Amino acid sequence: MSAGWSSLEMAAAAAGDLVDGTYVNLGIGLPTLVTRALPSDREVVLHSENGILGAGPPPEAGDEDWDLIDAGKQPISLVPGGSYFSHADSFAMIRGGHLDVAILGAYQVSAAGDVANWHPGAGIPAVGGAMDLAVGARSVWVLMWHNDQDGRPKVLAECTLPVTGRGVVDRLYTDLGVFGFAGGSLVCRRLAPGVDRATVQDRTGTGIVFDDKEGQQ
Amino acid sequence: MSAGWSSLEMAAAAAGDLVDGTYVNLGIGLPTLVTRALPSDREVVLHSENGILGAGPPPEAGDEDWDLIDAGKQPISLVPGGSYFSHADSFAMIRGGHLDVAILGAYQVSAAGDVANWHPGAGIPAVGGAMDLAVGARSVWVLMWHNDQDGRPKVLAECTLPVTGRGVVDRLYTDLGVFGFAGGSLVCRRLAPGVDRATVQDRTGTGIVFDDKEGQQ
Amino acid sequence: MNKVATDIPSAVADVGDGASILVGGFGGAGAPTALLEELAGRDLHDLTVIANNAGTGTTGLAALLASGAASRIICSYPRMRGSEIFEKLYSEGSIELELCPQGTLSERIRAAGAGIAGFYTRVAADTDLAAGRETRVIDGRLHVLETPLAADFALIRADTADRWGNLTYRKAARNFGPTMAMAGRVTVAETDRIVPLGDIDPELVVTPGIFVQRVVEVPS
Amino acid sequence: MNKVATDIPSAVADVGDGASILVGGFGGAGAPTALLEELAGRDLHDLTVIANNAGTGTTGLAALLASGAASRIICSYPRMRGSEIFEKLYSEGSIELELCPQGTLSERIRAAGAGIAGFYTRVAADTDLAAGRETRVIDGRLHVLETPLAADFALIRADTADRWGNLTYRKAARNFGPTMAMAGRVTVAETDRIVPLGDIDPELVVTPGIFVQRVVEVPS
C-alpha cells in the first residue's frame, strides 16, 4: 500500500478541483482534511450543516468556542463574510440545490454512483445529513480509501451496505486516483503517482474504463 | 339605520374581547379600526402579514417610513418588543396556528360560519392573505356592517359569493350586535344599544338563535 | 468571488424573452424598482412575473407591465388603489392572471428554494381558487396539493450587501426578499449600499450569499 | 404579558408522563441543559424525545435518558463519541429509535410549525430509511411523503430574551432552536440573559415571541 496518495494528498486532489466561488459542504472524517489543502488563490465557502457558511480553520488551543463547531462537533472559526442560520435554512440550502459540491466520506461506492455511508451494517446506524447532501448538492464527490482495513474493495459493482443515495456520486477521490461515472461504469480519470492501471483494477470490485491520459503522462 | 353601533363602536366591542397577551391580525378595511379602540390596560400584539409583529399606530404626518407599512400599505410604527421577519415566516405564523385571533372584514358570512371576503362577484378578485388567515388563526372574528349599502343582508343562510373559508368564523361583530355560531345556526350573543331582536332578525338572511342576556338587560 | 455588478443594466443583462421572474416587494416596500425599470426600457416579451401585487402607479412593476413585457402574472393581490395599468392590461386580455393565496404563494416559493417537491395545505381547500386541484383528506380535513414555484430570476431589494451576496433588509421591506432569493436560478439584489466583506455582523445576515448571484448598489 | 418563568422548575412544571418533547441543540451547542436536567431529576416516564442527537457524556439529554424518562427517540445521529448512555439503553431494548435524515427532521419540525400537513422530498427515497413509506414520482424522480412533527413541548437554549419571548441566539448554537420553537405547543427557552422589552433590536430578533410561551434565565 506504499503507492498512491496519503489522506492529505487525496484531499488536496479534491481541493484543487474546487474553483473560486464554490460553496462546499465537507462530510465528517476524511473530507474535513480538504480544509487543510485549499489553495490560497481562490475563495471557497465552506458550509457546515449546523447552520454556518464561511466555516474557517480551528482556533488556537484555549480559544475554542463551543457555540462555533462543525458537523463533527469540533471547534472551528468563521471567516469574514460568513453567516449563521437555522437548521431548517441550512437544509433548505442543501436540499434546494444551492451547494455546488458536497464531499462525503463513504463505506462503499458502486459503479452506478450509488453511495453507502450511513449504516455500517451492524450496530446503531446514524444518518445525520448524509442523505440530504447526497441528493441535494449539485455535485457529489466521495473521498475515501480505495480499500477497507482488510484490503477489500470499497468500490463495487453494487453496494452491499444500505445505500445513502442512488446514482448520485459524480466524482470519487481515493488513494489510488480520481474517478468518474458514465454509462453505469466507473471511469478512471487520473491515477495517483506510482499506481498503474492493473493495480487499481485489481483493487476494485467492478470493471474500470480508463480515461486517465493525464495520469499516464 | 340610526340604531346600533358606529364603526368605531363595533371595533371597540371586538377590541374589548381581546385579552392581555393576545396575538391578533387585523384585516384591511374596518378591522383596522380595532387599533384605535384597544384598551390601554392590556398588551395585545398586532401581527401584520407583511412581516411585522408589534405593529403600532401611524406616525405623525411627515414621519412616514414607507418601509414600515401595514397590510393595507399604510404607514405604521413598531412598538417596543416588535420584530420583522420574512413573508414565509409570517405566513408560517398564520398557517401554523400561532395567531390567537384574526379579525377579518367580509362581504358575507353564513349561518355555518363560512366567510366570503375575497371575490366581489365581478371584476378582478384579490385574495391576499384572507384564505390563509381564515383557516390558520385559532379564532376567526368577522367585523362588518350587518347590511350592504342597499340594505341587503350580509349574514345569510348560505354565502352567494365565492367563499374564503368554510365553517371558520367563530364570532361576528356588526353594527347590530355580536354573534356566534353553534349547531349550524347564527347565535346572537349581544345586541347593540337601541337594537331589538325583531330588528336584527328582520335585517338578517338566516334564522337567529337569541342568547343575548347581556344585551337585553 | 465578487458578485457586485458594475451597473444596473449588467445586473440583469441576461433576462430574455420568456423568462420567469420573481419580483420582491409588498406594495412599494422591498420592490426592486431600478431593476424593473431597466427591464421596462427594453423590448422584452412573454415574461412570467411572480409577485405579491401587480404594480401601482406608473413606476417599478407597473412600468414593466406597461411596457408589454409580461404575458402572465402570478400574484395574491392584483387589484388595489393605483393598479390601473394592470387592470387595463387584464381587461384587454393582454395579461393572464393566476391568483394564489399570499401564504401559499410564499410557501410555494420557499418550497422551490428548499427542494420540496410539493406540500399539502388546508388553505383554499374547498374554495373556487382550488377548483379542479388535487386534494387529500389528512386528519379528517381537506387539503390541497401545492407545487413549488421557481423562476429563472429573482429580483429583490435589500438594504446592505457585501461582495459575497450576503444581505440585510430594512424593516418590513424584508417581506418576500429572503424567500424569493432562495428560488431564483439567478437572484439579483439591488441594495442601498455595498460594504466590505466582513462588515456585516454574521448574526445579522438575513439572506446568506449562497442564495444571491449578483448585487448592485442603488442608493434610495 | 410576561413570559418570564421565575425559576427552572416552574418553566417545565407541566411536563408529564407520555409527553413529546423537541430538544434543541447540535451536540452541546444550543442544548437546553438546565431544563433537561430538571426533568431528569423527576420521576418521568414514557417521554418521546425529538432531537438531532441522543446525548453524550452524562449531562443534559444524556442525563434525561439515563433517568429512564424516555421510551422513544426520533433523531438523525444517535451514535457518536460519548453516546454510551443511549447505546446501553438501546441495546437493552429500553428505548425505541426512529432514525430520520437531518434535513427531513428539521423540515418535518418546520412543517408542524408552519401548518404544512405533509411534503414530498427526494431525500431517503429508495433507501432503507423510507422502506414501506408512501412514495410518488414527481418530474420523473421518486419522492417520499413526509409528515409534520409537532410536540407537546419544545425546550431550547437561546442567548437573549425579553418578556414577550423574543429570542436571539449565539453563533451556531442557533441550529434547531428557531425551528423547534415553531413546533412546540409549549415552547420553553432557557437563555443567557433576559433584557427589558425593546432592548432587542427588532431587526435582530431571530425567533419572534409569538413562538415562545416561557423564558427562563440560565446564565452560562
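Residue numbering begins at 1 within each chain, and the chains themselves are lettered A, B, C and D in the order written.
Here is the rule we use: a contact is a pair of C-beta atoms (placed from the backbone, for glycine too) under 8 Å apart; a residue touches a chain by one contact, two chains touch by 3 or more.
What you see is a predicted model, and the numbers here were worked out from it, not measured in a lab.
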item	value
Comparison of B-C and A-C by number of C-beta pairs in contact, larger one	B-C
Approximate Å spacing (C-alpha centroids) for the pair chain A, chain D	29
CA centroid of chain A to CA centroid of chain C, Å	35
Averaged-CA centre spacing for the pair chain B and chain A, given as whole angstrom	55
Touching two or more other chains - residue numbers and ranges from chain D	107, 110, 114-116, 121-122, 169-171, 202-203
Residues of chain B whose C-beta touches two or more other chains	78, 84-85, 91-92, 94-95, 136
Interchain pairs in contact, sorted by label	A-C, A-D, B-C, B-D, C-D
In the complex with chain D, residue positions of chain B that touch it	20-21, 23, 43, 45, 47, 53-54, 78, 80-85, 89, 91-99, 136
Residues on chain D engaged by chain C in the complex (per definition of touch)	107, 111, 114-122, 136, 138-139, 141, 143, 168-171, 202-204
Chain D-facing residues of chain A, complex	48-52, 65-69, 73, 78, 84-88, 90-91, 94-95, 119, 123-132, 135-136, 162-166
Touching residues on chain D, where the partner in the complex is chain B	1, 110, 112-116, 162-164, 166, 182, 197-198, 200, 202-203, 205, 208-211
Chain C - residues contacting chain B, complex	26-30, 52, 76-80, 87, 90, 97, 99-104, 106-107, 109-110, 121-129, 169-179, 206
